[in-house]
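I've put the structures underneath this note.
Two complexes are shown next, each including chain A; its partner changes from chain B in the first to chain C in the second.
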Partner chain A sequence: MAIGETIRNSQIWKSIFRHPMPLDRRNRIVVMLTNFFLHLHPVSIKKQGIALSFTWCMGGVTFFLFLVETVTGVLLMFYYRPTLEWAYNDILALRDVTSLGILRELHRWGAHAMVITTWLHMYRVFLTGSYKPPREFNWVIGVILLLLTLLLSFTGYLLPWDQLAIWAITVGSNMARATPILGYEGPGQQLLTIGGIDMITDASDARFGLLGARFVGEETLNRFYVLHCIAIPLAVALLLAIHFWRVRKDGGISGPL
Partner chain B sequence: MADKKKMSVAEVLAAARAQKAGSSPESDPAATAPAAVSEPAEAVPTDASPAADTPAAKPAGKATPKPAAKPSGGAGGRPSVAEIMALARAKSAGESQESTAKPAAPKPVPAAKPAAEKPAAKQTAKPAPKPAVARDTASILAAARAGAKPGPVSKSDAPPRPVAKKPVIEKASVEQAPAKAAAAVPPKPLKPAAKKGAEAEEDRRGFLEIALGSFMAMGFTALSVTGGLFSLGLARFFFPNVLAEPPSRFKVGFKEGFPVGKVETKFVAQYGVWVVNSDVGGQQQIYALKTVCTHLGCTPNWLEAEQKFKCPCHGSGFYKDGVNFEGPAPRPLERYAIRLSDDGQLEVDKSRSFQEELGQWADPECYITV
Partner chain C sequence: MHSNGLFLKDVAGFLGSYYTGLAIMNAVAALILWRKKGQPGWAVTWAVFAGVMMILASLALSGSESLVPSLPLSARTLVNTLSGPMLYTLGTTALFTVLFVFRRFFVQPMAAWTVFNVALVLMGLSMADENFAAIVMKPDNVPIVGLVFLLAFFTWVATKQAVVNDDRIRQGLPPMEKLDDEKVLVWPDLVYTELICMVAVSAFLLVWAIFLPAPLEEPASSVKTPNPSKAPWYFLGLQEMLVYFDPWYAGVVLPSLVVFGLMAMPYLDFNKKGNGYYSIEERKFSYLVYQFGFFELWITLIILGTFLRGPNWNFYGPFEYWTPYKVEVLNNVDLPQMFWVNLLDQPLPRAPQGAGTLTQIGYIFLREAPGLALLGGYLLLLPPLLAVTVFRGYFAKMGFIRYMIMANLMLLMLSLPLKMILRWTLNLKYLVSIPEFSLNF
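Let's look at the complex of A and B:
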């Protein structure tokens, strides 16, 4: 087709797509190596890597859900304000009057699904012994990722600011005040008394640092918003990168020991 | 001629070691004058007579690098391994000629042995400044380059200063050793000893020397200190210093507004307190109960019909005086401080709590007698 040829030979096209179409083996390899997104994948993988009955692909599904959550989360941020005045009403608005407001439900269902698939992934890794040396530390990273996923769920739960949210976070964070040494109602709290002054009080203990106040209020809402949208996702992204890197370096997914 | 056969690197080096054992005394002049021209041995590898003459001109058994063969050595550059080997082979070729001509020549013994002609004769012209103890390949080659201009070497990698060994000892040992030296495996160098000697010469670096020893070190030290301080500051950052809370002290009205038996619930939403007028242990009191269930922190409801506080979360039940009697609550509800203010109104102070199980309800600051 002449028009196709013209376009493909134009400077604009060539500046974007530097290599020929990946229609033969050589060009497919070239694209895998030179494309920013594709180069994160190996050029070829072993056949066992896609044996679904062995891998279950739950790790991949979890990562996919993480991407879904990120995208839907960013979109929700356009219509949500983390203040006492607006939080609850914005969620109602997303549900009732916003076009494609189903995104809020997708975000919520995706969160539930992500926790489930994380669990299934860990179960599969355990069943196939993929935590054995030299993969032990990758399991540790995975456990940290699990904790971060649960924290994402915890912090996100508060954001609709309904009764369920407030009380769930109140009860959950009340556990923090029983932390040993760092909680003002925990054992060893008086160990950090300096010169007769209590260092750990209800306004300076671990629970206070988590909530940003002495009870669940507007400060907590803002703090959990930042944690949920920026801080914890960044930590998860970093650990995910290391997690995948280690899988590659240890011989690819489901490689034999 | 047979000596045309190229020697392997191993043979060459073996011969060099043996050579060095017998020639270290004479090595110094050669070391300092690597550029000295001795004979173009390589030019006449197969000619016996010229070779016979040239060795005589050489220092006894000493191989001096030929300028042609080793221009870099003399010119101040570093001789490559190939050049060293070539030089050695040429040397051995020349020496093998000489040995046939002068069997009794005071040559290094290796050269005298026909069987070991080639490897024996060879020498790498490395009068090692180091003691003869070190005979491994690396030191031999290093010695070859010793006279040449050294390449860039970082302080941490620089070899320790060599310890001079007395040549006399070498000479004595040489007489016996050469007999089988050529074919024999050279004695293993006493590396640990050499190393220990070297280390003892340097002082161990103290912590501050390491941390501030160079600009780079100072930079990294500053970076780590800054990073540490920043982390501490960051931890403090997460604890706000100013809180926006409703005032902890507030007035709730006059005593008359609380008839006997009343549980006032209109302050629950805003202040989280019930103001109760009830008989406690024979005494009629007005007190303020905290609306926080002692189980996990939910807000119980006052059930007027059943005259009890009931928590909707897990079913904890409390009597009108706040004592727990059913459900998972482990202890009674807490009281706030309450007092009669100047204008006669009751004033609740949330900043002070009183727990019954600690006997604090006896404190007159937590109730008003009616």
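Let's look at the complex of A and C:
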């Protein structure tokens, strides 16, 4: 006890934590205001608003899974090389040889779980009518986040570079070929013809833009790797910040008016 | 393929622990009910049920063909023969309708617990079938099984509260959520809940990762196309729509409309009631539209696409072997063919040899006139017609632009079930078929 006391009174401890232990009412309020990680929360909240039967905790779980994916994903990036030569072998090694290869399981199942919890979070927000004014715009951001979650999962699906991966991505991205006007098998692609030269070919259409090639190959692996590890996570992080900020600004957790 | 002697030995351990889990779960339920003293009858029922589950567990552990509890072969064959896309879709629709109409009955804890147990036992019995287990136990399909149970559970939780609130509102009382206006400090009340949630999710994820290895198939080969080739599971509803529509609509336009429609929702729903609490009666229209879209057009299609679509995207019953040699009759006909050839007994209108582009386009319009007229009527005439009849009140409140966006989104959403029905009843392939411009609808 005395040691704990000494540590908490030391200059180092006090320089890190700007607040005393949240043991009494005053310090429980102070801690919410002075701690960077806690200041996303309000100081006090409606009791029914945090009842599990009301919120299901699904938004929080989704965010937590995003963090799990980030941590396990960064660790996996130390092992995995996104090239035709190494991608499959590295995943194979993660399964059979590498210690802590379970990180791949955590990452994959976490991703599936994140898709599901996103749907459940959205379902709860709908059922409680929480998308209604003043929270309309936050719902819109939520829809974009849903889309990005699916794209994160989709781009990650390719990385193991096995049969499951490339054919799932082939089937999924074949759709882009049929994009109206911009896909080379889509309706109206003939409209973009200049001087008799077809602008939309299989090497310039929407699918080519997605894959970086005419078929799922090394260019696609690289493109999806960058999207999966950098571009989409950054977009998600930005939108998450706005999403959380708007929850606070739009009146906190929803409840009857 | 029912040579499942070896298979049953493999699955015996799993089934044994599955039924043991059921027994423990029900024994705990019985104990809780007994100590509450309110419903001794139910406590005894679930205690007996737990005993039965223990017997099933020991039978399953034997791993012998004569003892492992399973559905009779005749029942499985019957299910396989009867099931098809039409029965599946109509059946799930009927199920959702019954659950919705009799929601007062199903929200009672004992009714829900009974349904839950029946579902779990049926699941266990089905798992003793080699073909069923092969699909459900595919590592990437396990999350869908979880999703089904989670959705059922949370829908029950929400409906239970909505039913109570609807009753209170009818009596002029505020919803339950309003009763407790007390405020609590976020530290400790919320912060600790979050911490416990994080620990629980981490534990759950670790157990899942330890017991279920992530799938890894053969190295990628662009010349060896697997049959069936499937998109990731969350997109299989979209892939299923390809049965009824061309990729430009099923794979590009409809998904974009889903995203757009979801974003537009808060701006179209002008109903101010039901904000911040569970209720159904106060917002029945938006509730039913959302549930129809989410459950019928998203979740059930994913389940259909994952579990019941095999090689060549043919339909396979839940206990059917996925033979790649199953042949399905393709006798779908385009509407112009039906109209000009079958009905009027004429050849399809075709531009004369060497005609100019405009004449050719004119002939295409003539050929596709019946489909274009139907589509035009559906998308252009129906919205104003509905505005002065069924949606009169909506039109008055929403104004022209908002109403038109809502009506068109609804009609485009309904285009999928309508096309399904046309396919099942008339074998209709396309309403409008203009291969000249890759435009089929």
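Heads up, the rule we're going with is that the second predicted complex is superposed on the first by the 241 of 257 C-alpha atoms of A that agree within 3 Å, B and C clash if a C-alpha of one lies under 4 Å from a C-alpha of the other, contacts with A are read in each partner's own complex, and residues count from 1 in each chain.
Following the convention adopted for this analysis, contacts are C-beta pairs under 8 Å (C-beta built on N, C-alpha and C of every residue); 3 or more make two chains touch, one makes a residue touch a chain.
Small disclaimer: the values here were computed from a predicted structure and weren't measured.
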Task: Could you look at A:234 and tell me whether it touches chain B, chain C, both or neither (first, second, both, neither)?
output: neither
- request: Could you let me know whether more residues of chain A are touched by chain B or by chain C?
  value: C
- prompt: What is the contact status of A:174 with respect to chain B (first) and chain C (second): first, second, both, or neither?
  reply: both
- prompt: When the two structures are overlaid on chain A, which partner does A:203 contact: first (chain B), second (chain C), both, or neither?
  reply: first
- request: Report for A:21: first if it touches chain B alone, second if chain C alone, otherwise both or neither.
  value: neither
- prompt: Looking at the overlay, what does A:164 touch: chain B (first), chain C (second), both, or neither?
  reply: second
Task: Check chain A for residues that touch chain B in one structure and chain C in the other, and list them.
output: 167, 170-171, 174
- prompt: Tell me, which parts of chain A touch chain B in their complex?
  reply: 167, 170-171, 174, 203-204, 208-209, 212-214, 218-219
- request: Give every residue of chain B touching chain A within the complex, in rising order.
  value: 238-240, 243-245, 296-298, 313
Query: Any idea which chain C residues touch chain A in the complex?
result: 140, 143, 146-147, 150-151, 154, 157-158, 161-162, 174-191, 193-194, 197-198, 201-202, 205-206, 208-210, 212-222, 224-226, 229-232, 234-235, 238-239, 246-248, 250-253, 259, 262-263, 265-267, 269, 271-279, 283, 287, 290, 294, 434, 437-439
Chain A residues touching chain C - in the complex, by the definition given at the top: 22, 25, 28-29, 31-32, 38, 41-48, 50, 52-54, 56-57, 60-61, 64-65, 68, 88, 91-92, 95, 102, 104-106, 108-110, 112-113, 115-116, 119-120, 123-124, 126-133, 135-136, 139-140, 143-144, 146-147, 150, 153-154, 157, 160-168, 170-172, 174-180, 183, 185-190, 215-217, 254-257
